[in-house]
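Two complexes follow with subunit A in common, the first pairing it with subunit B and the second with subunit C.
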Partner chain A sequence: MKDQFVTYEIALKLKELGFDEGCFGYYSPGNNEFSFFNEYPLLETVLKADNSIILAPLRQQCIDWLLKEHNIFISIEDYTFVDMINDGSGYKYYINVYGCCEVGVSQSPFFNTPKLAYEHAILTSFDLIER
Partner chain B sequence: MKAQFVTYEIALKLKELGFDSPCLAYFNGDGEICQTSWDILESNEKLNYVMGNKSDLILCPIWQQVFDFLHNKHIYVCISKQEYGWHTSIKRKGKMTKYDNWLEPFIEVRKQIILKAIKLKYKNCLIE
Partner chain C sequence: MKEQFVTYEIALKLKELGFNKQCLGYFKLNGMEQHYYILGDMHNSGNNQLAPLWQQAIDFILTQYGLSIEFNVCNDAKFHYEILSWANKFFDGSICIDSKDRDEFYKSLPFGNKYIAREHAILEAIKLIEQK
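Let's turn to the complex of A and B:
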């Protein structure tokens, strides 16, 4: 279940960018350790985050947040069947900002899983926000 | 936070297709969404096992878990954003079916394409 949450590196960056939504988990500062909240965020209207911890959203929460707050949408394309054409195989991402392709699949490396592609794309999106 | 989870309709279909991964939530016998307790999550046990395999409970995955589940069944669902709307596609055994120019909100597009993919999996189950 824990692999459904963003990595510590992404969570830390999200905090810097102002992410402050209800989450099911968090990272303890300093030791990167993931924990589930003991409370029940589903039953609470808003789960107020202690500022000393680092909220750990689900990967899909992060993707939704990028769309909602920055109009950035990440797509992961399956290139597992086309290794002869593309000089490799796997999953590639592209990043769409305001309806225009900002980072195309030609700029994305191949990844073994969609999850790895998403994580790389999310970090690339953060660079676009800070640009 | 409830928006992070699939609908009852989808959860029910997934159960029929054999979905049984650990989940953050489940639907009780009254169809209400309930959160899995954190100690069960920490132990990474499957909910059905922990709850004594009660037949009236339905696991309630988050959306990305459904994409992963379908992917493991060799159905790859992709949603992309274009200038004039959402484009979606379902790829199975190298064959891609596209559904273009959806103008609905993203959450509705996600729900609709998942339902299409589940329907495709149902068909496959009947054939297989």
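Let's turn to the complex of A and C:
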């Protein structure tokens, strides 16, 4: 199930950007070790009480948070069967920052999995936020 | 956190379509209205119904049935989705080398928010799979 969560790198960046919503898992600082919170009903208390941990949102939580907090919309598009000789093949991402700018699919590299495309898109979004 | 999981209706349909991956939660079946979540990695457990995440549902429909659910945001900040597939171009197993046009099975009207669009998109994709 760990692959349903964002990477340590993304989780760390989200913390710096102020993410502090309820999560099912977390990373221990220093060793990047992923753990589940044991008892979900206590989660809200846990995350508020212990600021030393790094919350590990689900990928969908991260995407939703970027939309809610920064008006950044991310979508993944399937180009798995495009001409493999001339165009490449895989998944691409699209980023739209409302009323500001967009990163079109033509600017996205190809990725082997949607997960990798999402992760790259999220990191690109962080760059947009920090500009 | 319940909002991270698909609805009970979608979970049931995904099970019918063969979804049996690990999940973080399940619906505890105790009458028609009981929805209960518990944390932990699990496959189907007895009479309880697995509760996939939204992202798991979309990934499952893509990897198992070749339908890509893609979302777009319009200028008026409305969301719509498209359900696309390359599958029809590969019915004979050949490699497509000349087309960038995918089969567009369905394009939705705009929705006021992404979450409603997502739920509609998954239900529509399931309907398409069932019709095949």
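Following the convention adopted for this analysis, the second predicted complex is superposed on the first by the 117 of 131 C-alpha atoms of A that agree within 3 Å, B and C clash if a C-alpha of one lies under 4 Å from a C-alpha of the other, contacts with A are read in each partner's own complex, and residues count from 1 in each chain.
In the analysis below, a contact is a pair of C-beta atoms (placed from the backbone, for glycine too) under 8 Å apart; a residue touches a chain by one contact, two chains touch by 3 or more.
Predicted model, so just to flag it, every value in this text is computed and none were measured.
Undergrad: Clash or fit: what happens to subunit B and subunit C when subunit A is overlaid?
TA: Clash.
Undergrad: Return first, second, both or neither, reflecting whether A:76 touches subunit B, subunit C, both chains, or no partner chain.
TA: It touches subunit B and subunit C both.
Undergrad: Is A:59 in contact with subunit B, with subunit C, with both, or with neither (first, second, both, neither)?
TA: both
Undergrad: Regarding the shared-chain residue A:110, is it in contact with subunit B (first), subunit C (second), both, or neither?
TA: Neither subunit B nor subunit C is touched by A:110.
Undergrad: Applying the touch criterion given at the start, work out whether A:100 contacts subunit B, subunit C, both or neither, answering first, second, both or neither.
TA: So A:100 only meets subunit B here.
Undergrad: Applying the document's definition of touch, where does A:36 land relative to subunit B and subunit C: first, second, both, or neither?
TA: Both partners.
Undergrad: Quick check on the output: what are the common subunit A residues between the subunit B footprint and the subunit C footprint?
TA: Shared contact residues on subunit A (touching subunit B in one complex, subunit C in the other): 1, 4, 22, 24, 36-38, 40, 43, 58-61, 64, 67, 73, 75-78, 81, 94, 96, 114.
Undergrad: Which bits of subunit C are touching subunit A when the two form their complex?
TA: Against subunit A, the touching part of subunit C is residues 1, 4, 22-24, 37-41, 53-56, 59, 62, 68, 70-73, 77, 84, 86, 89-90, 95-98, 100, 102, 114.
Undergrad: Across the complex, what residues on subunit A touch subunit C?
TA: Touching subunit C from subunit A are residues 1, 4, 22, 24, 36-40, 43, 58-61, 64, 67, 73, 75-78, 80-85, 87, 94, 96, 98, 114.
Undergrad: Write out the stretch or stretches of subunit A touching subunit B in their complex.
TA: Counting only subunit A, the residues touching subunit B are 1-2, 4, 22, 24, 36-38, 40-43, 58-61, 64, 67, 73, 75-78, 81, 94, 96, 99-100, 114.
Undergrad: Note which residues of subunit B are touching subunit A in the complex, please.
TA: Subunit B residues touching subunit A: 1-2, 4, 22-25, 33-35, 38, 41-42, 44, 62-65, 67-68, 71, 76, 78-84, 91, 94, 106.
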